[in-house]
Structures are given as structure tokens and as C-alpha cells.
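Letters A, B, C and D name the chains as they come in the text, with residue numbers starting at 1 for each one.
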Amino acid sequence: MTLDVGVLGYRFMGQAHANALARLPMFFPDAPEAKRHTLVGRDEDALAEAADQLGFAHTETDWEMALDEVDVFYNLGPNHVHPEPSIAALERDIPVFCEKPLAPTREDAERMAEAAAGSDAPAGIAFNYRYVPAIQYARNLIAAGNLGEIRHVRASYFQDWLADPDAPWEWRLDEDLAGSGALGDLGAHSLDLARFLVGDRAGEIERLSGQLRTFVEERPVSGDGSEGETREVTVDDAYTAQAAFANGATGVFEASRYATGHDNANTIEVNGSAGSLRFDLERLNELEYHAADERGFRTIMVTEAEDPYIDHWWPPGHVIGWEHTFVHENYEFLSSVAADEPYDPNFADGLAVQELMDAIERSDDAGEWVDLS
Amino acid sequence: MTLDVGVLGYRFMGQAHANALARLPMFFPDAPEAKRHTLVGRDEDALAEAADQLGFAHTETDWEMALDEVDVFYNLGPNHVHPEPSIAALERDIPVFCEKPLAPTREDAERMAEAAAGSDAPAGIAFNYRYVPAIQYARNLIAAGNLGEIRHVRASYFQDWLADPDAPWEWRLDEDLAGSGALGDLGAHSLDLARFLVGDRAGEIERLSGQLRTFVEERPVSGDGSEGETREVTVDDAYTAQAAFANGATGVFEASRYATGHDNANTIEVNGSAGSLRFDLERLNELEYHAADERGFRTIMVTEAEDPYIDHWWPPGHVIGWEHTFVHENYEFLSSVAADEPYDPNFADGLAVQELMDAIERSDDAGEWVDLS
Amino acid sequence: MTLDVGVLGYRFMGQAHANALARLPMFFPDAPEAKRHTLVGRDEDALAEAADQLGFAHTETDWEMALDEVDVFYNLGPNHVHPEPSIAALERDIPVFCEKPLAPTREDAERMAEAAAGSDAPAGIAFNYRYVPAIQYARNLIAAGNLGEIRHVRASYFQDWLADPDAPWEWRLDEDLAGSGALGDLGAHSLDLARFLVGDRAGEIERLSGQLRTFVEERPVSGDGSEGETREVTVDDAYTAQAAFANGATGVFEASRYATGHDNANTIEVNGSAGSLRFDLERLNELEYHAADERGFRTIMVTEAEDPYIDHWWPPGHVIGWEHTFVHENYEFLSSVAADEPYDPNFADGLAVQELMDAIERSDDAGEWVDLS
Amino acid sequence: MTLDVGVLGYRFMGQAHANALARLPMFFPDAPEAKRHTLVGRDEDALAEAADQLGFAHTETDWEMALDEVDVFYNLGPNHVHPEPSIAALERDIPVFCEKPLAPTREDAERMAEAAAGSDAPAGIAFNYRYVPAIQYARNLIAAGNLGEIRHVRASYFQDWLADPDAPWEWRLDEDLAGSGALGDLGAHSLDLARFLVGDRAGEIERLSGQLRTFVEERPVSGDGSEGETREVTVDDAYTAQAAFANGATGVFEASRYATGHDNANTIEVNGSAGSLRFDLERLNELEYHAADERGFRTIMVTEAEDPYIDHWWPPGHVIGWEHTFVHENYEFLSSVAADEPYDPNFADGLAVQELMDAIERSDDAGEWVDLS
């Protein structure tokens, strides 16, 4: 079976997924054959150039038209473009793979999750960090009980590209287009990782308290003819949150685009009664693990043949990079599609994270804890 | 001038300060001469043995009697013993040096701060981590503006001695004796460090939201004849908090006695618009510093001759330990006493931290943010 | 222009280079078009399967026949297969790209270098670690004088796959097939990196003293019907060496396949009068750099847009992996071929490293220093 | 019993040992009582001031006179002062504790070891790094067989105080006064640590090859009236060495005073068939340990109550510093003296290290390996 894949979006995420599709045959020969069929975008020239570089056979400026042509639909556009095309595809029972966060708002996310629930096609959300081998290894340790009773989760995601107040405005800084700022862009990953790692041991997050902060309210518009022009920043630059899991474990979450010195520092630490572990995306081949009956944290290179996905790549100790997570997730999603099997993380997971983000925003507004019921 | 020092408490803190007093003449020859005069405690035999080992000339089981004999009074007993002797000493204009947290409750702390305000004698609080050379170095960097506008502070203090549910009960687990648990024992340090490092750039913490957690409600009593006996844990095992500083900077705080793999991990990180820094007490000779106009964090050994206090000790690169912070603080406190000059951190600082702790507890009770007004 | 590439070898290195060729169009669109034309090997079935997976259009069991078909010849076979096909190709003025070490013996390497010198085609050697962005960054720092006068170089390469005395025999343990053991397999990389990084500041290595060691002399043969069979290990398990560079700088080199805890720890440190730097392949996105007029080593993520090759990949902070070095080197080699320009590292560099390896072996035999004249 | 201790030398090492003696009663109450009796030096004024600060009851400018007064003699002067007073004391059966290296030359060291062998008094050498708790822990692991068969030892000691060519001349740069440079000052520690850690598993070093290097031949003399004056550097600035242990293990050693970025980086790594360990003096409370049947290196804080010497100090996780090693070694040496029991490391150990240093120098001269027979 060959799957004709249509992809909406040809920038960062478009390239990340196109690359993943291109690499499957050599490294995951049992993956279903997936053709880069149609690339969807609005600017015809840029689209044609991208299709050429990314290896797509066709282009299309109207996503509805594209849905007629493809077996699988990847929605990799800005957040505000997630709902309608995804829902339309699901209504036609076309499998959808959507970038995170699921939607700009909780309401949109609910609509999308409903569409997914009513569709015969799988609807995946691209929480790619679940597919870091070290994260899979961590989850396996936790699931096997190696950490015992989960007591604490702390996750943060730090970048610093807005630390300079003169950094230009872009769509990620607009509430209508992005929904939220650091919270949705970075925090969504932290919240999903927390759910993924400890969900079946600590349960869901039941209560949340959060704060959002915007440090620079207006930013220059870049581009010719925009000299002196500025535009309002209507999303958060940073957020913090604390949480209570169903089993009583505490959670602390934080993200910022002002954390100077950090480019892409997505970290998570979990403490349990029988052990602890730590992960940092900037050293994504490593996992630090402490077993309470041993002394110290071990720095484990999760690059052994028996580690998740590693046997598909290189000999032990030959480190992989950020992009490999996309290959793994494309492999899993397409395999589910081909086998007509359920896939997760799916739109229900996307909605669950969206509800947590929404609760953080409501808590910030109200100045009080919010119960997820 | 010789200062006759009376010390209440002869366990961990008693030894830490006795050692500091003993070491001053060799390493801080300009310190005022301080005599280990009277050691105060209740158990006469244990007290006599401790006085012998710690080098005190006299012992006293009644602290009021001891106050008649000494020029300076160190209150190093359990938290519930802090208020009365300290207040009595201050009423006699005897300089007081009190361990942290200032008191078991905010009300006690207020009484103590009032006594200090009404006394001619200085009243210091032993926030010893201010005296880590790397922390002083960090504060100097921040004060000089090297971090620019402060955006984020995060501080945590992790231990794991209660992770085992069979670890025995002790006074630190009793609300009446200790006031609080991880919050007062560990969190007080984090909150003080945050104030010390960024206070004059970011201002005070104005709002706080917190949660406390007790994981194990009852613990075995140790000692002969106590087999099978248990006692209730009436303090927190862990806390988390988020904060807003006056300038809008966010704060995240956490401490736990259940963080497996951590013995004494007191860490703080500050991000500003012009740079960041990180500190970890388990590597107390090091400071990680990022300047936004450079690339990467530098790991600086704060062990150069020009670094705070280092010229008193050993040649560059010869690392010091935890105990040296007590020597530095005793030197500073006693020098202030001898010179009849104000000293900080003082009881007002102790009260400020106590108010933050109190706000965290009230926030936990009420499920909402608390304003420090 | 399209280059038809013939590749001898379809195992580890074959896949690494096939992958690199496959990825060029998407990430290095200005690279010459390179077709995976013919895959060369001896076992027809395995070869056919590999060609299918690696995307080669043709297979060939006779490398001489293959030379008739291709524009560029990659020699990725075991070391003993390097000389004849490479020489034959060069005699036909077919560009050759050969894996390291250049040859099993110095004599072979000399023949190959002579063939390269007499050919109109470029002859590259695949010292891929030159193409780690952090290594390029390091070289640029050194070349720009940031380290001042070079004083010390130390490079080591540690693996542990032979630490278990029952690990099976393979061709890498046979002198006739491999030439040497840890020295040629790992040490060749260290020696090349040293030359690459400091060569134009410290000059060449002028004197060497070395020792080789074989810890386990015989190993079991794996495979059906080989039970109880063993085979002799005729190469070194580990080597150490010390060196003197032309400018007086000292060098220390070491590699081992018995360094338990290390999978692929290729590290190099350089100290100069004005600064130092450190690199570890297991954290290949990072470089540690100390400038003598600053304090401490900075941990620099060499993942910024302006860093070597990074703008071809992902946004700042999105780490790359081991395999990316092959993409960079294929890009550079093929670009040189297409432009008919000289390429380095070339066979002269390969011979220079081979001479150092040979000197280490002779020093071990003779128990004395060996001058490279 | 009270031991009257006489100490020759009142600078760095004098203060380190005086401090150790002063701290014994509080932390090692079972140590023999040791009185800081007589401080020996040449400059009467400086000596009197030092005696006052360091707590000595008497001073003496003639070491022979001092020997009449004391029960134990500490020889902490420059290296060239080690032989005569130590031999004289041993001839009178006065226990001697001598700083390292044992002597400026092998011949002197042999005379000293002979004197020790002929004396009824113990003769200790102050290899203080044996007394780092993490080093003791490491030795225990190795002695218990946890590392299996020892394969590799590598030890280096890096400082950078001579990297600046204008750093002033001092006695450590003069062959007559110091014997050697980085080799004797730093390398002696590395060689002793190697012997201490692996000696009973790998045996002694049997062959050595070394090189010495002096980068700056002349340095300015500091002090009033010395403007423009320079003095010759007659010792090594750096050395490298490779070694073969009796069991076949390889050794690599290096030290430098030109390793920019390193103040006091004394590191050692050992690889065995069953595990590996690493130590760095700049993080002296930590030991990195890999067991071959586990994954990764564990970073162990050697600060638990059951760790060597730790129960004498502070609760778990409260780190100690460089100076504590002197307290431990004074405790052990004086306890041996008081109990009239043999002590090691002793002059035989000092001679063994001196022979290794001598072999490195001879190897450098001859350009060939030197056998220790």
C-alpha cells in the first residue's frame, strides 16, 4: 500500500516532516510506503520552490482541493489554521496528523477532538518529544515501577530569542494566530511529556495554578517598508505553573522566551519514592537516572542497540539529533494508519493538554487554583 | 575587646558555629576576639561532653542565667526555642545571632523583629548561604547590572531523607516544634537567597501562590522501648510556589525531603535581559554565568584570590566546603557587633522570609494567590 | 552535471555515506546532483538487498567492472581493500573517496598517495570528524589566534566493546585485514583531528613515542558451526602515545576498546597561551572554550545559524547527530569534484596520519622515540 | 600522651598542617593530643608573626635546636630542605612527616629512605590526596575487585599560573631548590595516586617513557629593586609520560603549569574489565563510577555518613574542602605515632615515586623507555 501524503505548511515543521518521510525507506524499511504527494500553501512561488526542495510531486493553494487528492493529511500550519482543515479531513475519514498545540483555543480543540471522535480515521498530534529514545526509555522505567510512587514532576522549556526587546514581531506573538505564546509553543511540550511519562502512575493533573507574563508589549515589524512600525504582542512571553496530580504528586512547570543562555532547553525531572530521572533536550541522547538503592545519578547514553529505535540507526554510541524524533513519529503514525489501528498521542491527548493550558490561563486571570474536573 | 559568646544548642548548628568561632583567629586575624564562653542546653551530661569537645569554658542549663554571663548570644536551638531567649537577650541589649527560620510562626517572628527594632543590639539571622563566595560573586554581578533587567528566578532545595516511609520521626516533623517542614527548613534558604541576589534589582516578592504536601502522615518513633510506636507528621514534606516580584519578574520555588538522589541540592538560577547565572550548593565553589553578548554559560571556579573571602583561605583553585560559610558569617556578625554597626541579614530579613512562608501556607489553604502588601 | 557514484562497501560506512548522498538535495540544494549508481560487494544476495534499501540503481560484484560505470568511486570496504581499487580508480582519473585509515600499512598508504599525486582526480579521505560544526568552530578559533601559542594537545578515543573477553572475533582484530586495531580505527581520528586543529599553529608532530597493547590474544569465532572455535587477535586493543609538535607543544594520545563505560568517546583538548578548548563526540553539539582573559570554560552550543553548516539544518538549538558529519563531508567532497578543485583531507593527509601510526608502532617495537623527518 | 610537634615551614604547607592540628580535637576527639610546639624558620620577624597566627608556642631559627624540643618533626620547607633535617630527626628516632616530593633528587630520596629504614621512628610523606574521601572510596572499590582487571590508568594535574610569560620567578622554578617543576610538584601526586589506587591490583609501574618541556626559559624577578632583572627557569613547565604496569595495564600521565583554564585540576581515571572510575580534585566530593553490568557513570557524592572520615564532619551532602585532607592525614599519622605503629605513605613510598620521576627524566634525556627494575 502506498499512502499519498498531503502536507499543509512548508516552513520549519514542513521541512521536519518532509525529511522524516524521505528517510523512512532507508531506516524503517517496514514502514508503509508514503509518497510526498501534495504540498499546500498560499504563496505559489514559495510553494513551488519548497515542493521542489522537499520532494513533493504536486502543490495546491486550496487545502480543500488537496483533501481530494491525498490519503493522509498533515496539518503543519500556524495554530489558527489547525481546526478547519483538520476537521474537514476527519469528516471525510482522512487520517490527520496535526502539529501542536492542537488549537489556538480550548473551544477549537474541543471541536477538533469531537471531529476525531466521530471519524473512522486516526487523528494524531505531533508531540515529537515522546519519540526521543531517552524519553521512551524513561517512560519504560517509570511504567515498570522503577521510580516507585511518583512524588514530583518538574518540567521547563527555555529559549531566549525574545530577550532582546528589538527582536521583531512574528505570528507566534499574536493571540489570534497562535492562541498563546510560550505556554502553547513550549509549555504544551512540557505538559504532554509529564502526562506521557507519569500519567499511568500518578494519574492526570487535577489542579493547576499559573501565571503568564508579557515583558515587552510591542515589537518592531520587520521587512521592507516597515521602518518604525511596531505591532502589539498579545501572547505570554513566559509562564509558570504549579500542579497537583491525582496521586498527590506535585508539578512545577515553566517556560520562557527570555531565559538568556538557553536556545532550546526542554528539561524534565521526575522524583519517585524509588528513584529519579532527569532529561535535557540539549543532550537528548542522555538520560540521568538514580535508583534509590544505588548511589548517585547515572548518565546513561540511550544509544544502545536495544534502546528504542536505535537499532534502526547507527552502532552504539553514535548519537542522533533532534530531527530523528520526527522520523520515529512519522513511522509510528503511518504504521497505525496503514494497519488501521488507533494511534496516540491523538486529538484527545491534544485536548487534554489544551485543557491544562486553558486552566493555567484561567488561573492567571482569576488569581486562584483551577480544578480540572 | 573580647566577646564572650553564649551558645544555645550543641548539635549540628552548635558544632557548625563553634567550629567557626574556633577558626577565626587563624584565618581572620582581624576578627574581634570571641571566646566560646557558655554552652546552653538541657541534658547536663550531653552538654558537658559537648562543651568539652566544642571548646566552651562553661555550661548552663538555664538560658536566662546564661544571658547574665555573655556579651553575645547565639540561639541555635530548634525553631520553637528561637523566640523567648532571643527576645529576652535583645531586651537586655545583648546582640543575638539566631538560626533560621526566624520562628515557627509569623506571629513569633513579628514579636522577635519588634524586639530587635527596640533593642540597641544587633540581631542577626544565620542565612549562611549568603556567605558562599560564589553567591557573593553572583550578587555582585547582579548588583553591577551584568544581568540587566531581572526576568526569572527559580530556586529549589532538594533532599531525600524522608523518601523512605520508615525513616523515623523527629522534631523537624512537628508543627509545634518546627513551625513548618521543607518550607521552613529548606525553603527559607531559597527565599532568602532570592531576596539577597535580586532584591535591589527586581524588588520584593509581591504575590505568591503555593502548595504544601505531606506524603507520609505517620512515622515510627526511634529509640529503645518505642517499638511499634508511631507519631504524626504535622508539617509539609514538600512545597512548591510561584511568585511575582515587584518589577514583574517571575519566581518559582520548590523544596522537598522526598527528592530521591539529592542530599543537599540547594540551587538557584536567575535570568535577566543581559545574562543568566546558576548555582548549586553541591558544587559550591562554582558559579555558572552567561553574558548575553557571549555564547554559553561559563563554569567559573570562585576560588581566586580576589574572590570574596578566598584570600583568607588557600591558593587559587583549592576548594572550600560547606562549613566555611559559617566562618564568614561569624566573622561578619562579630565584626558588626564589635564595631557597633548594623548587621544584615537581620531579624527584619528573617521576618520578611517568614512572611513569604506564611503567604505560601495561606495560599495553600485558600487555593488562591496571596498579596504581600 | 550529475555524478554517478559507485560505492564499495554496504555495511556501516556504506549506509552512512548512502544516507549522506540521499540527504543532500533537501538540505544542500547547491550540491552537485549525485546519483547512487552502483553498489559494489561480493555477496550477491546481501548486495541486492542493501542496494534496494540504500537506493542504488545497480550492483556489481567486480569492482573493476564498476569503475567503468561511475564518475566517482567511494572505497568504504575493510582497510585491506583500500589500496588496489583506489589506485586503479585514480589511474583512470576517477575521483576517489576512501574511508580511514588510508591503508593497512605505511607502504600501501605510500602507494596510494603516489597514485593520488599522479592522478588528475581528487582523492579524499573520509576523516568525517573534521565536519562536526563544533570542530570547525574550534579550528576557526585556533586559526584566528584565540588560543595563542599552542602548548598542549591531548586526544583520546575510548570504546569498550572488547572489554568482555568473550566478545567475538571479527576482521577488525586481524592485522592482515585491518592493519592495526585501536590505533588505526580510533587513533587515526585523534591524530587527524590534532593535525586539523593545530597544524597551522603548532606545526606537524616531529617526534613520537608509543606503546601498543593486546589484552586478550584469542577470541571466539561467532556463527553456526563455530562452537568452541577461536581465532587469534593480531592487532592492538589499545595504544598510548606522546608527541612533540614542531613548535614544542606536547601531545598525548590514547585509544582503547577496553575503556569500560565509553561507547564512542572521542575527545580532544587543546591548551594555548591565550585559551583552551575541549570537545567530546558524545556531546558533539557542544564546545567548551576558555579565553585566558575571562574566567572559566564556556559550554557553547555550536548550533547557531552562523555556525558551520548549521543554517542548512534546523533553527538554533536543535541539535544534530553523528551522521550529519557525513552529509557535510559528502557535500564538500562532491562540490570539489564538480568544481574540479582540490579537496582536503586528501590522501596526503591520510598518509601523514599513517606515518604517525607507523611511528607509534615502530616506537613500541624499539622502545624509543621515533623522529618523523 | 601529648605530642609536641615541631614544624619547619610556615607558608602554604605550614598553614595547612597547623590548621589540621588545630582542628583535630573538635572533629577527631580520639586523636592523640598534639601541641603546636615549635615553628622553625629563618626570618625571625615573619616567623614570630606566623607562630602567633598559627598558634605555635615557640619559634626556632635553627632546626637542629628544634629537634631537641619536639616529639614529632614536620618538614614542610622547600624541597631542597627536605633531606638533612629529616635524616637528622630520624637518626634521633624522632618521627618525621615530610612534604612531597620526598627530595629534589633520587639520590637524596634514597638517603632519606635509608635513614627511615634505619630508624625506630615512622617517616611519613604527606601525599594528602590519598585522604580525599572519594579517593579512599575509589581505592576500596578497586581493592574489592569492583573494577576487575585493571587495563588503563590516566592521571593529569593541570594548573595555569605560568601561562603568562611575565609571571615572576620563584623557588619552584629552580632545579637546585625544587629538583623538578611540574613533574615533582604535580606529577608526584598523580604517580602516588596511581600507585595508591591500583598498586595492589595492577602492580607497580615497570616501564616509563617521558618528556619534559620548558616553554619560558627566563622570568622576571619580583620585588623592589629587581626591575628588569630576570632569572633562569631550570625546571620543567610540563611533562608527559606513558607507563606499563606489572599486569600490563597502560598508564598515561601529564602535568602542566600552562594549561589555561585550570587552577588545580588533579584528575585520575581508571578503567578495568568490570568497571571504571573518574575523579577530579576541583569536585573533590564527587566520584564518577561505572560498573560494567550497569549503564553509564554514576556521579556519587562521597558525603554519606558511612564514607571515609565523613562521620567526623557534617551531615550527608554537606561538602568538605581541600583542607580537610590534611586533617585526615594528620589524624592518621599522629595516631600511628602515638600507637607506635607503621604508617604509610612513608619514605619508601616517597622513594618509589621519586624513582618514577627520575625514570621520566632519564627517559626524556635518552629518548627511550626506562625500565624500573
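Here is the rule we go by: a residue touches a chain if its C-beta (ideal position, glycine included) is under 8 Å from a C-beta of that chain, and two chains touch if they have at least 3 such contacts.
Small disclaimer: the values here were computed from a predicted structure and weren't measured.
Listing every chain that touches chain C and chain D alike gives A, B. Taking shared numbers over all numbers used, the chain B to chain D interface scores over half, which places it in the same class.
In this assembly, the C-alpha centroid of chain B lies 36 Å from the C-alpha centroid of chain D.
In this assembly, the C-alpha centroid of chain B lies 55 Å from the C-alpha centroid of chain C.
The set of chain C residues that touch two or more partner chains comprises 262, 296-297, 301, 304. Touching chain B in their complex are the following residues of chain D: 12, 15-16, 18-19, 22-23, 25-27, 29, 53-55, 159, 161, 262-265, 281-285, 301, 303-304, 313-324.
Across the complex, chain B is touched by residues 149, 151-152, 154, 156, 158, 160, 163-165, 209-211, 213, 215, 238, 240-242, 244, 248, 250-252, 254, 256, 258-262, 271-276, 290, 292, 296-297, 367-369 of chain A. Of all residues in chain A, only 289, 294-301, 304 touch chain D in the complex they form.
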